[in-house]
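In the two assemblies presented below, chain A is common to both, partnered first by chain B and then by chain C.
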Partner chain A sequence: MDDSSRVGGMKILVVSLLRLGDILLSTAVLRSLKRQNPNAEIHILINGQFKSVATLIPYVSKVFCFDRDGLQHMIGTPDHSLLEAYFRIEDLVEKLQVENYDKVINLTHNRLSGWLTALVGCKNTQGVVYNSEGRFSVGSRWFEYLNDNTAPSLNNVFHFVDVFHYGAEVATPDRRIELKEGEAGRVFAQNLFKNPNAQRIVLQPGTNEKKKTFGTKKWKNIASLVAQTQPDAEIYILGAPSEQNILDEICEGTKFIPVMASLEEVFSVLQLSHMLITGDTSIKHLATGTKIKILEISLGSSELRKTGAYISGAIILQGKVPCAPCSHRTACTQKTHECADKVSEELIALTVGAMLRQDESALRMLAHEFRDEATVLRTQINTQGDWAAYELGNRFSQDEIGRWIDRTSSKLFLEKTHEKQIGEFGSEGLELKVLLENIFPDQSWREWVSELKEMEKQVIWFEEQIVKLLGRLKEILVRMDSGTYLDRYISELRQFCEKVEMTPLFQSYGKQISLILDEVPTGAAPFVTVKHLREQLGTAHQRTKIELKLIRGLQTGFMEVV
Partner chain B sequence: MELEFIRLEDNSWIPLLNKTLIHSAVNPQREASSFIDHEWGNLKDVQTVIVFGLGGGFHIAELLRRKNFDVHVIEAEGSLIPAMNERWPDLMKQIDVFANYPSGQLVRELQDAGAFTHAYAVLKHPASVRIAPLFYKTIQLVLNERTLFRLRELVGSNEGLSQFLDSLDINHDQILTLPMVEEALIRRGKGLDKEGLIWMTLRELVV
Partner chain C sequence: MSSENSDLRQHLQTVLSELDKLSQQIRDSHDFSESAELVLCLRELVQEQVESQYCENFSSTTHAAG
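This part shows the complex of A and B:
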């Protein structure tokens, strides 16, 4: 809903209470909000430990800090009264309430932020918020989607920035992260870079989790190999002051230049550099606010599809192991750091070369050559503004095409396109076609049409099954007294879901029905169960209709080329 | 502190701390049974017991014999722990023992161990407390600072918060913990006012 005339001049609070990287991602929403509502006053609530980031965020007129660490210390230390923590929160809440916000957008998907959002007392909220009965709501299908996809997974989920934009109803085609360079940072970078014409490659070895990065020795090898393959480049090893030991170890006995810098300084260093090699860190998100080329190494719990570099043209390398991505909460379960071992120094150095030369075919050849060890992905933002990361060198297959069709149909469903009189199937279908052609640039139109026809048959079959299942639900309503009949139905439905979940084309909504089956409360009245099932099957039915339209649209599109 | 053990005829061990016996050398089981009888009125309805003093463990064994309590023991003498692990491993496996913590940190450790999650009782083993009176007094003071009674005093003139604390069905001598407030709010069932929302926010900070 773009209604700038109504919302102009309003006061909006954005809540982002996770880590630094999440705050940086949410700045894209702040930018979109400001662009849609130029007269709006935008405030942000972040965790106090990251308040230094505020200097980099444009468009925000007030930053509120939630002193999470301080509060936890007060609660856990008997030297403080529990009431100190209480009064600290009450102070913050009073300050927020005084602002009398017209809208609060909570981009943090956790309970704590939901309680705080409730305390602000604004009636117009988006994102998690609790009501006075202690029940939570999210206010948008997109935030529900976020809730359904919290676990680490390889599924083709949407990027947080896109989900935030759709959830907050500020999605425009231009959703980039834009940050503000400070004078201190600019001076720091200018003093650091003596040769204005040098090619500067920056490596950032530190991460907040050990399993998200390589060991120091491997970083040193990577830097050495990059230096050998790019003999004219200057190599900078970037880190926070607390990472001095790592930097010293990597730079010892080499010409690499260690750079210990604050966030503001790092941003300016990246502005004047040409290439960044980094793990899944907030520095990566800082870099997306500059023009630097980004090579992202996605290891451990890094979820590239949700938090990958939000920019077109970045390359992401991920080790091919069945355990990736793993959970944030657990240590690596393998004997060796297998996902890191799979991404070799050689692959990284060769990728850097291909990226600097802008050699697309070399990147695809690398993806093919190293396909047993690692996945090479390219990021893309389409003309509608949606981000995607697709594998280079993937084999042409129905499975891969199906995953992307399933993803696009997810978006259309979440956007309720099927409920609108004039849907956006055409433009979404066109975007999907461009994406698929980028993934498989060498396929002939005949191959496309042949695969799509086959997939059309599958969707028609699936739709028929759903219609039958819906029909049988009506029978159950008639025989409501027979619990056995319902049990048998649920058992058959479960088997059906297991089968369709394996098919990428139906993956997301096969999973949806399975989830609802798991949630059927034991001992629930049959009527309640039937109602739940009918709603979910009805949703799946709508999704099949969307997929059919997409597939048929794609077929026409590929044939039109002819 | 000097620690020794003497062995009784029935093969059980009794610790001597600074040459002081901390259980009956004749029949420590009967002594423990009589002690728990005396305290039973405070204990019978709770699930968690915080015990001041591990001693030779007889009073704790008696507690566990009567009910499957969650027992958290605070002990002033750290060397008693390995000695008891060696002599009475079965008992030690059933309880959490906290020793060698400064009193300030102890509450945090107890909280992390779930000692304050539900209503609890404090059981003071008299002989242990006699040997390290200052230590246990400090612990008691620290715990008292967080009783609902004390918090109620600290609230001062904040009417809303006073009424909120009064509306919780929690004994005034209980240490107020955040999970306990959450439970009380659910029991109260009147919905959440501003105060309730703030307590729920605090609650999330210790999840």
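This part shows the complex of A and C:
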């Protein structure tokens, strides 16, 4: 069916088959899709256990549920036949096929969703999908990037919301999570808050992963210290009905008010409150749809750079430990919950105070004072709509500047800016300059230019190395019969990658080439290996050109101030 | 580990191994018809369920598709 035959426009399915937090992040894409296609009918496929979230999502006219729990229960029970599960999936697929979608966007990056997306039978797909030969494709460099950056990482990776937007080609400067308040939630919150003028601070202690939160004793200490430092505030302890024990334990013998609420009610509670203190939870993402101030505590496997509070002005605290962030798939490997221990009650209470007073210099002082234990980060969404979390009180260094230049050049490359006749180096460069000035507000133009000139030399050196490596690949083509020569080359290239991966300025390049080296199958024909390496080194060469333009643009920008 | 959990793991491993055989047959035959895709989908679901027996939080991870 073509678009014109639809009454009202295109029909689009968005697939989000992970957890509640991921669904909430996906809603930003739903909003952008609707804004770009006001007549489109947008449907969403989510895991059945989270169907209650649907009441909060605007822009969606139909919600399909994948009954993961039911299916897995069926599969795990010997009394049931596997065929029952097969037929149940088939039923869902038939319902999806009947919709005859014009476009399917899969925001879930796993094989299961890839096969389900294939089964929907729409030719226009974005995100993971398997083709008729059983090979997966992603349809965009941004989704490829997502696939390459799944491991826990401290790298300056992009936020999922931004990756989803660029991958689905719906990125505009105005992208955010926007949810709709229900009447039941509104009534709940109004009944809860008796004093309309009170300052309300909400703490949300529960998470689905033990290592992503503090113990109840520490939460109680935090609440007590916050209550002491904010004597006029009302303290609310928020939880789901299943978390009653936690709430009871924290509130016992105190004036704290326990709030057990549904998602819809929580959203309204947050709408009418002033500050939320939470771990990496779906409640944090709900809060980004309100005006509440957010203090995020990033513990355990929480990857703040991928899933941090998608809003400007939130503060994130992360314990300084080498193991953070850890893998979702394993329990904490340390003797004590070290990343949690490093984020003290005192730091949290003082940060709350500084945030409520909107005292930027106090936040920077706290970051400096607690620098050995924790990192204090501020979130920012720039005028292009891109999210970032930068450290406050960080030492002015080439490493830190290099990390952000590498990130910007990575975006320009993923957006194929260098292939366009008129690139967006200018506006990206300006955004980068603003960001760097926010991170290091006290540096003089001379200091900036001096560091940037030094970095320019490093990029020129790196470009020379890449050109040499490309030249040697040509030699290999001539001596194709010599497997030893190729092996030696790969070994040297691997060493080179390891070296540059340690350098923030070239970190993502090194990682990209290493990934290709890791993927070279044993016994692959030398020609195939050489072809892959040539492509990757060619890419790295392009990236150096982008990075040089950015560095030179920054130098000009800082000198123009003079 | 309780014996109930152990039984479930064993059962799931058996189911997964059957589905793996079927998946391999599909790949060898290059027959990616709708029913084949459903089998592969089911296989991934079981694989996730097996993984969930060994880790805390399987469905939350964004893992690589290939």
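Following the convention adopted for this analysis, the second predicted complex is superposed on the first by the 554 of 562 C-alpha atoms of A that agree within 3 Å, B and C clash if a C-alpha of one lies under 4 Å from a C-alpha of the other, contacts with A are read in each partner's own complex, and residues count from 1 in each chain.
One rule holds in what follows: contacts are C-beta pairs under 8 Å (C-beta built on N, C-alpha and C of every residue); 3 or more make two chains touch, one makes a residue touch a chain.
Keep in mind the model is a prediction, meaning the values are calculated, not measured.
Participant: Once the structures are superposed on A, label A:116 by its partner contacts, choosing first (chain B), second (chain C), both or neither.
Facilitator: both
Participant: For A:427, select first, second, both or neither according to whether it touches chain B, chain C, the two together, or no partner.
Facilitator: neither
Participant: Is chain A touched at more residues by chain B or by chain C?
Facilitator: It is C that touches the greater number of chain A residues.
Participant: I'd like to know which partner A:150 touches here: chain B for first, chain C for second, both or neither.
Facilitator: second
Participant: Contact-wise, after the overlay, does A:244 reach chain B, chain C, both or neither (first, second, both, neither)?
Facilitator: It touches nothing on chain B or chain C.
Participant: If we overlay the two complexes on their shared chain A, which of chain B and chain C does A:330 touch? Say first, second, both or neither.
Facilitator: The second partner, chain C, only.
Participant: With both complexes overlaid on chain A, does A:124 touch chain B (first), chain C (second), both or neither?
Facilitator: neither
Participant: Regarding the shared-chain residue A:138, is it in contact with chain B (first), chain C (second), both, or neither?
Facilitator: After superposing on A, A:138 lies in contact with chain C but is clear of chain B.
Participant: For A:81, select first, second, both or neither according to whether it touches chain B, chain C, the two together, or no partner.
Facilitator: first
Participant: Go through chain A and flag every residue that touches chain B in one model and chain C in the other.
Facilitator: 68, 71-72, 75-76, 78, 82, 85-86, 89-90, 93, 110-112, 115-116, 118-119, 130, 132-134
Participant: Residue numbers of chain C touching chain A in their complex, please.
Facilitator: So the residues of chain C in touch with chain A come to 8, 11-12, 15, 18-19, 26-27, 30, 32, 34, 37-42, 44-49, 51-52, 54-66.
Participant: Can you name the residues of chain A that touch chain C in the complex?
Facilitator: 17-19, 21-22, 47, 68, 71-72, 75-76, 78, 82, 85-86, 89-90, 93, 108-112, 114-116, 118-119, 128, 130-134, 136, 138, 146-148, 150, 160, 208-210, 301, 328-331
Participant: Can you list the residues on chain B that touch chain A in the complex?
Facilitator: 103-108, 111, 142, 145-146, 151, 154-155, 161, 176, 178, 185, 191-194, 197-202, 204-207
Participant: Quick one: which bits of chain A touch chain B in the complex? Just the residue numbers, please.
Facilitator: The contact residues of chain A facing chain B are 68, 71-72, 75-79, 81-83, 85-86, 89-90, 93, 110-112, 115-116, 118-119, 130, 132-134.
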